[in-house]
Every structure is written in C-alpha cells, then in structure tokens.
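The first chain written gets the first letter, and so on, giving A, B, C, D and E; residue counts start at 1 in each chain.
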Amino acid sequence: GSGEPVKLTLGMMPIADNLPFWVAEQKGYFKEEGLNIELVDFPSALERDSAFVAKQIDAGVGDMLAVAAMNDSGTKVKAVAVAQGVNPGENRFAVLSAPNSGITTPEQLKNQPIAMSLNTVNEYITDRLLGDKGLSGDEIKKTAIPKLPLRMEALMNGTVKAATLPDPLATLAEMKGAHLIVDNTENPVAQTVFIVRMETLEKDTPAIKKIIKAYSRAVADIQSEPGGYNEILIQKARVPEELLTGKESRLKFNYSQPVPPPAEETEKVLQWMTEHKLLKNKLSHGDLVDGRVLEK
Amino acid sequence: MNGLTGEGAMVRVNGLSLWYGGGEHRVQALDRISFTIPRGGTCAVIGPSGSGKSTLLYVFSGLLEEYSGEVLVDGEKVPRGRRKTALILQDHGLLPWKKVWDNAALGLAIRRVPPAIKRERIASILKEMGLWEMRNRYPSQLSGGQRQRIGIARALALEPDLLLMDEPFSSLDALTRETMQQLLLNIWLKDRITIVLVTHSIEEAIFLGQRIIVLSERPGRVVEVVDNPRAGRMDYRKTGEFYRMATRVRELLEH
Amino acid sequence: MNGLTGEGAMVRVNGLSLWYGGGEHRVQALDRISFTIPRGGTCAVIGPSGSGKSTLLYVFSGLLEEYSGEVLVDGEKVPRGRRKTALILQDHGLLPWKKVWDNAALGLAIRRVPPAIKRERIASILKEMGLWEMRNRYPSQLSGGQRQRIGIARALALEPDLLLMDEPFSSLDALTRETMQQLLLNIWLKDRITIVLVTHSIEEAIFLGQRIIVLSERPGRVVEVVDNPRAGRMDYRKTGEFYRMATRVRELLEH
Amino acid sequence: MTRHIGIINNKITKTLLSVLALLLFWQALSALLQLPALPGPVPSFKAFFLEMTGSLGFHFYVSAYRVLISLAISLVLAVPLGMVLGREEKIDQFVAPMIYLLYPIPKVVFLPVLLALLGLKDLPKVALITLVVFFQILVTTRDAAKNINRDLINSVVSLGAGRRDIYRHVVWPAAVPEVLTSLRIASGTAIAVLFISETVASQEGLGYYLLDAWSRMSYENMFAGIIAMGILGFVIYIILDIMEKRACPWK
Amino acid sequence: MTRHIGIINNKITKTLLSVLALLLFWQALSALLQLPALPGPVPSFKAFFLEMTGSLGFHFYVSAYRVLISLAISLVLAVPLGMVLGREEKIDQFVAPMIYLLYPIPKVVFLPVLLALLGLKDLPKVALITLVVFFQILVTTRDAAKNINRDLINSVVSLGAGRRDIYRHVVWPAAVPEVLTSLRIASGTAIAVLFISETVASQEGLGYYLLDAWSRMSYENMFAGIIAMGILGFVIYIILDIMEKRACPWK
C-alpha cells in the first residue's frame, strides 16, 4: 500500500531482545518504510501476551512457547522470523547456584529446588540444559518465583540454592559470586521469534515485511558498531550500566539477521509442552510459523 | 373546623390490639383499644409507665403499621407521614448533625414550604420558645429542656390539624411548662386543631384534655374515657370542678 | 453518718464558674455558685431550663473537670468515678448493647462486686422497680419510663453515700413517681446517704430537699438557698408549712 | 416456624437469582467480546468441576487456610490497637502518621525482605496478606472508636469505670459492627492479595493456580480459579453474616 | 489564638516525631539485615531528592491524578448505591451476593478484558484502581446505612419524609463518617494498586517507576519511589482529615 502510513502497535518488554526495534525507531527506519509504528511497553510476557489476546498489539518478540500457547487458546498468531538464538551466544540463560551454597556442578543440583518461572521458556531451557548434563526429569526439582528481581534477590542471599536467570541478571549474579552451573552459550536451545497477530499478517503482509526490513537494518547497525547502543540498553532494557561498561564485565549481547524459524526447534518445543500437558490441541510447525514474510 | 362536636371524628380507634416482637419474645402492648377524638377536640392520654401511650401515638402517625383492629385518621386508614399530622416524640427525635434552626425547620423543608415563609415561621417560633439565641448550636450543646423545646417547635411549625404529643413538657420547669401550655392553648383556640397529648401529669391532662383516656397497665386497655368539657378554659384550674376531676382521674389510675 | 448537721459538708461548692466551648462559641453555664450540702443531707436543685443544673451534677461526679472555683466532695477535690458516688443521668445513659439486667448490674460489675451479691442485689432492685419481667430485653424494646427506671436501679444498686439524680422521675406517671420517691426516702432513712436531686417539680423539691438551691436563668447563679428542714418526713406533704414553702419557691423562680 | 422457613427460602431464592443474573451478564459479555481471555460461564464451570475433582480442591483448601490465618492474626493485632488509637488522642497523633505513610506502600516490594526473614514456606505468604489487611482493620476500628458518642462514655465513667472498663463495656461493643464491616473488606482484599503472595515460591494455593493458568493461557482454568476465589469470598461473607447476627443481638 | 497555634505546633511536632521514629526503625532494620533490597533511609532519601528534581516529580503527578480520579469515580458510584443497599433490604438481598462474589477476585486477571475494552492509555489503569476501591467504599457505606438508628428514621418519617428525604436528611449525614473511613482505606489501596495498574503499557506513574527501579535492582531508587507513595498517601490523609472537620462539625 501507499499513501496513508500503516499504523501498527508493537509490544515491547524491558529485555535486550528488543534492541533492534528501539534502534530502528530511533533512526527513523520505520518512517522511511512508510510505517507508523508505536512501541508500547509491558513489564513482562504475561501482560504483553494479554495485550495480544486483547487485540491491542499487532506484533512483538517472544518465544515459541508463547506462540504455541496463544494458538492453543484461540488467539491466532504466527512466528515469522527468528530474532534471538540464530547463532550461539544469543538469548543467554544460565542455571546458577547461590554464592555460599557449595554447589558447583550439575550433579549437586540433583533434587535441589531451582527457582524459575514455571511453564515458560525458562523451565524449558532448564530442563534441556540439565537434561543434557544427565539429570533425569524427576531429579530436577523446581520452585516458582516468577518475578525476576525477586528470584535474583532470593538467589543472592541464599533463600534459594539455585535459580535459572536470563542475561543480564545471570552475568550480574555471577559477578556477585553466584556459581555458573550450566548455560546455553554453546547451543541456544530456545529461540525468540518475531510474533505477528494473524489478522494483521493477512491484512498487511507488506507492512510486516517492511518491519522486518527495518529490523534487519538496525541489526546491521548494531553488528557494525558493538557497544554503540549501550545507552538504549541501559534505558529500555534496564541493563545495569556497570555490566556494559565495566572492565571485568563479560556481558555481551549479539544480534543476527532474521531467518525463518526452523521446524525441528518448533517440534521440540511442542513435544515438551505436550509432555507438560500445556496444550489442549494438536499443533504442528505449520500452525505456528509463517515463512512468507522472509520469502524474497 | 367547627369546634367540639364537629361532624366526623378526627381519630377513630376500634378494637386496636398491637404486639411487639415475634415468636417467643412476643409482647402485647395494646389490647382492644376503642375511642374517638372529635375534630378540633383535645384529648389527653394518661396511664402507668409501659401502658402503651407512646405506642398509640406511633400508630396514629403511621409509624407502626402492624396491628389488628381499625384506626381511622380524618376518615382514612392512617397513611405514613400524613401531611397535616405532626408528632412530638418522647425522645425529641432531633438529628445530631443539624443545628437548632435546621432541626426546627426540618418538617417545613421536607414539605417544601417556600423559604421565605419557612424563615419567618421558624424565626418567630424559636423566639417564642426562647431558643433564638441558640439557633446555631447543635443538639449536643443544649440542655435537656432546650432539646425538648426544639422538638415542640419543629412540630408546631408544621401548622398541623392533628398534633400528637408524647410527654412534650416532661423536661421543662414549672414556669416554662405553663408558658408552653398557654402557647398550645392559644394555637388551639385560634386554629381549632385536634390535639392528642400523652402526659403523666394529672393536672395537665385535666387542664388540656376535653377527653381523657385512662389506660391500664400493660397490655394497655382503656380503663375509662373521661369527658372533661371545660378543659382548655383559662380559668378552669382554680375551680372545684377541676379538683373533683383530678380526684376522679387519680382514683381511676389507682384502680 | 450523723444526720443533718454532720460535721464537715459532703459537698462544698465555692465560687464555681464554668464555660462550655472555646473561642467565639464560648458559653457561660455557671456563674460563681457557692453552697454546701451536709453529710447525710438531701438537697434539691431547681431552676429554669438551661440554668446549669445538669452541669452542676456533671461537676460533682467528676465528668466535667474544667472549671474555676473550688468543689470539694467528701473533703477532696472531686476525682473521676469516685467509688461511692452514683449519678443518674438525665438521658439515663443506658448501653444499647446490654440487656436490662446487665445495664442495671453495670456499676457493680465495674466495681468488681462478687457475683453472688451482685445477683441478689440486682434481682431485688429490679423486682422493686417493676422491671423484673423485662430483665432480658434490650433498652430499645422498652418504654421511656421503663428506661428511666433502669437508670435509677443502676445507681441505687451501687449503694452510694452520695447520690446525684438528674430529673430521675420526669418520665414516670404520678403513681410510679410517688412509689419511687418513697423508695428513695426509705433508702435515705436507712443509710443516711447524701442526695442531690435536680427536679422541675416544686413539690418534689420541697418534699425531698432539706436544702433547696434555686438557680437563675443562664448563666446559672444561686438565687437563694432555701432551708427546708422538715423535708423527708412522710406527713410533710399535707401541712400548711409545705404549702407556704411551695409558694415561696415558686416566687423565687418567678423572680 | 413456617414463617421463619419462608424467610430463609426467600433469601436463598434471592441469592440464586442474583447469581443467575451475574452468570447471564457474564455470558452476554463473553458472547459480545468473543475474547479467548473471557470464556463464557459454561466452559468455565465445566473446567471448575473437572478441576475440583483434581487439584483445585487442594489449592482452595490451602488458600482458605492462609486467608483465615491472616485474618485472625490481623484481627487480634489490629482491633486492640485500633481501639486504643481511637480513644487516646496522644498516642494516635504519634502513630497515625506512620499508618498513613506505610499503608499505601505496595507490600510486594517488601517481598525480598520477607523472604530473607521468613523463608519460602507459608510464613511470607501469610505475612504479606496480613501486612495488607492489618491496616484496613486498624483504620476502621480506629475511626469507629473515635466516633463513639461522648454520652455513652460519660455514662460508664459516672459508674466508676476505669480505662479498661470503658474499653470493655463501651468501646469494644460500639466498634463491633464496624469491625465486622472491616472484616468484610479485609476478607475480599486478603483473597485478592493471594494472587501476589502465592506466586512466590509456591506451587499451591488459588493465587498460584490463577497465575499458572493465566501464564499458560489456559483461560477456562483461569476462570475455574476465579470461580473458586469468588466462592471462598462468599463463604467468608456468610460466616461474617452469621457472626454479625450473633454479635449484635441488640439490633 | 495562641492556644490554637499551640495545638497545631504540638500536632506537627508529634507528626515529626512519628516520622523520625519510623526512620530510626527503618535504619535499624536495614543495618540489621544488611540486604541490598533494604537500603537505609539516608541513601534512599538522597535518591529521593535527586530523582524528585528529575523525573520522579512527573511520575508523582501522574499517579496522584489517576488515584484521585479513581477515588472520585468510585465515590460517586459507590456511595449512592451503598446507601440504597443498606436501606432497601429487598435490593440488598439481590445485589449483596454479587458484591461478595466479585470483590475477592484479583482484578488484574481481567487485564485482557480491560485492555480489549479500554485500550492501552489511561483508561484501563483508572478502571483497574476503580474496580478495587469501588467495592471497599460500597461495602462500608452499605453497612453504615444498615446500622442507622431506627429512631432517627422514625423522627423524619413522622415529619412526612418520603424516601428521598430520608436519604438526604438521615442516611447520608449518618453515613458520612464511615464514608470518610472508607476513603482512608480506599486511598491507601488505590496507591498500592498503582504497582499493578501502572506497569501495563506505561512509562509513567509511581507504579511504573517502582517496578522499573526494582527490575534494575536499583534499590535506592525503588525506595525513592516508596517514599513518594508514602507521601502521596499522607497528603490524601491530610486532605481527608480536613474534609472530616468540615463535614462533621457536630462532633
């Protein structure tokens, strides 16, 4: 379409995944594409997904579990591209143990409650990482602390012995004395994807393509100037400043050009969700993913 | 409107019985009460404590609606809040959040009397009752007798044709009481309204009640209806007739 | 303990003045009141509505503590809730959430009187006052006169040596009132307690008050202290002296 | 006797009608909005009964237990303190500012402190609910005690009542109706707060159940949890109604 | 006049002492626990004053606006309805069950519905606060109207009062003290609920500020936000105190 710029609303969360959108907005890439994009903030996936359900946002970045859950419960959305997790080093999650817990190996985590948010990508990644280290399903004990800052706090003062945290909190915890047990730096395990409401996708496929184009340009900018957008990360993603600028900081966020979501990852997620009785309906890769947007 | 023998009674009570409470706590307050009060007449109700005098006035004013027997006011089954009935409650019924003035003016305000008329009437009645200086105070800042007088003022301001009074002068000193009786008498003489006065004072009953209803102990029964046609005359108090009447009522009360 | 002229007064009032409210709303209720009441004597206080009679009793019982002048009860500056003072309030002061029995027994309960004694005393006093049948009712289920009698019962149950009464019989019919006066007199004759009685009835004041304090209109001043030594005798009422005294008090009130 | 039954029947009928009206409104709204997040009453109740035979009954029990414990603790602490603040102006002037500074703070922010102090079991959950409802009962009781008619106090003081007697014979009975009101408010609040308190280190309770169902986007189950919370609130309301009839027979 | 000032001074002194005691307790607790999540008052107030010159003032303003609007809406809706429910038993029997079923539901779970109906701007935030405090004012007003002395009603009925007059001259003035109590409760609740309501689709308000600071684990700033909420609550408390003196001069 031409003429009146298409108006779309994107749901943002205070996490580093969304950096390319903020960069694209700052640099005016959306406007250049003839789009009128509004970025709306939500504190967590729960509220953001509720806005998807309420038809108040058109798109956003989330994990495949959210895509499956929404489709399963009647909110039709599609994953159109992988955002984080295309290459190793992105979308980092880590299982950590408390500073004075004496736990340093995966074996010691057997039957030791790990704080996480249940039924989310957080639990999925933990299961997969610890599973790879040889722990069986019933050796992995879990305790629910969905609020991130609270989980971090509980880990640091030893209220819980172990926790699964995403970056930047994982790095911060490590710097403050928590022990890294296992993380997904080698193998991302789970990806985050660009999610679009199906209604929007069908009505405005060109606009979505343009968003992806703007996103790609922003990713290229970030790749060519690592550290150049720290200010945005501090402001929008609430990354503690010392983690980005401090000398001993190992924190790094990586971004790749979007690719279509691969079927094998989707199937693993669907299998895990089925095992955990999180799905009422039989879903397949085709129900969750729409590759058209990335077709040339 | 035509004095003592007015055709049609203002109040007609026929076999009125009344119970309070329900179930095992049921208490009979009135037992087959019958009498009439002629239009423009005065009637005093006298009887021992707990004999149902207040209850009777509650029925006449429509506040109590569950009873057996027949009660007609102005020829009709008593409606709640009849426009021309005024009731002076035993505990005065003042609203703690309204100043003296507003308490006195409450009846007129409820009846949507034009403000100018209301203002004038209340001012004159408060002055008459010696309450003018305290018009801006709240009831809690008044003495017992002052509160009682606001209750009287509030009822009189309505210019009713049926005035029901429950021991209206009980907290007043002898002099104020006599002034009030005189005031009442003047209103009666001028407008020929119907007055029902519950009182514990035998003299007051005889001085003001052309018909005196003597009630028995609970449950209240009519012991006798005494006709006392000379009531309301200024000079009655000093007569032998007055004294004889007092002796008779006292005997009836002593049974 | 020794009758009329007992050494040392039970109540001594010297230049008592009292104001209500503050700032521009300040109202003087009492103006330099002075008088004494001998131990074991009776005293009636009479005066127009609003003259400060209730206020006076509030001061004697320690409920009002801000005044100028001197007030001594039993030789001491009045403490709040003196153990042997009992006050009958003008509005009875019943607690709506306590049954008749518990309201009557409240003073004894507060003074930690042993249950057995309490039970016996309350039972006898409720019977005497004709309240026995209603001992399980709440105040809201009683007539005005019945409520007033609970207030009296509650005070008498305390067996005080100083009894302050604020128009205690105002809602009672003539017969009940006379029974109550007799009851009071019997207690006085038996225990020689000191009694202060606020009343609007000139006859009552003369029949019961060995000393009659006549107050003026607000602010209350002592118009005269009338000594009336024959008060309290059974046969006083029918004498010429009684009649003369009544005339005198009436004149004082009329000023 | 028959009349008595008549009244009860009438009340039950009214209640049923009321619930029916609510269900109809819910049905209409859900039909109108066509939102997965607002399923109609039929699938919700289906889920409710299904889940009740499963784990929901246990969650209900755990939550009821926590709510009642918290209400009891708050009551025992707040009512005496509230009465004292209402009657003793000097103490009130000192304590009231603290109340009004602390009460509006969202208590969730103290969760890290509560967890550090009280661990991960029942205690921090009960403490969080208590922190919220304590203030509600306190403020209500305080205001009720403040508004007591001076004459009633005078009446018992004239009988020689000391401070303790005044509290026992006047302040407490006069405040009872308002304490019951505050309990009605507090019970609703307590249940609502479950949603925050039970999401911490918990896999039991209606709060956990609700958040879990929500984050799984299992909206029928979420509404099963909502129904359970509504029923819990209603049961407490009925208990309070019965208590009121017992506690205030003079009305 | 001098005496008047004396009283005011005394009250201010007491308030200051009270705040001081609170600060000392805070200091002691933070020194004792040594938790990053509980900084002492000194760094917190430092952060508070620093932030107040920055964005915190704006957040304060936005939140105050939302809280006051919500309180006003709730008041206007709940007080008349509460009075009617308290006086008309037939209506109450029908409506009360709805209240007690709906009130305990944590209103956040209706977020998807609210968003769908009201969009992403101010409205859903105000609606969420209103949904919570509406019930608190309603229940309090209802109970107050229910407890009105029969004699007072009789008194105005005997003067010919119809339904409307009874509400105007008796029910409303008799309920005013309790309505003020409910406003004290509701204002605290409203501020606490900000933490939930303002975190959705928002970058303004104290609720957002608090959650933002918490997520950054910038605990000094979090406590700056807490201080701001406390102050907001306290300001409303003082306004209500003044309103009470105005509204109930007969006390």
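Methods note: contacts are C-beta pairs under 8 Å (C-beta built on N, C-alpha and C of every residue); 3 or more make two chains touch, one makes a residue touch a chain.
The model shown is predicted, which means the values in this text are computed figures rather than measured ones.
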| item | value |
| --- | --- |
| Any chain in contact with chain C as well as chain E | B, D |
| Two chains joined by the most C-beta pairs in contact, as defined above | D-E |
| Distance between chain centroids, defined by C-alpha means - chain A, chain E (Å) | 37 |
| Distance from chain B to chain A - Cα centre to Cα centre, in angstrom | 83 |
| For chain B paired with chain E, centre-to-centre distance based on mean C-alpha positions, whole Å | 49 |
| Chain centre separation (chain D, chain E; CA means) in Å | 17 |
| Chain A residues counted as touching two or more neighbouring chains | 50, 53-54, 149, 153, 157 |
| Where chain B touches two or more other chains, by residue | 91, 140 |
| Where chain E touches two or more other chains, by residue | 35, 37, 112-113, 116, 214 |
| Parts of chain C lying in touch with chain B, wherever the complex brings them together | 20-21, 27, 46-50, 54, 90-91, 141-146, 149, 166-167, 170-177, 200-202, 250, 253-254 |
| Footprint of chain D on chain A - complex, ascending | 45-46, 49-50, 53-54, 69-70, 72-75, 115, 117-120, 143-147, 149-150, 153-154, 157, 159-160, 278, 280 |
| Of chain B, residues touching chain E in the complex | 58, 61-63, 80-83, 85-87, 89, 91, 93-98, 106-107, 109-111, 138, 140, 154, 158 |
| Chain E partner contacts - residues on chain A that touch it in the complex | 9, 14, 40-43, 47, 50-51, 53-56, 148-149, 152-153, 156-157, 172, 238, 240 |
| Chain E-facing residues of chain D, complex | 10-11, 14-15, 17-19, 21-22, 29, 33, 35, 37-38, 90, 93-98, 100-109, 112-113, 116-117, 132, 135-136, 139-140, 143-144, 147, 177-178, 180-181, 184-185, 187-196, 207, 210, 214, 222, 226, 229-234, 237, 251 |
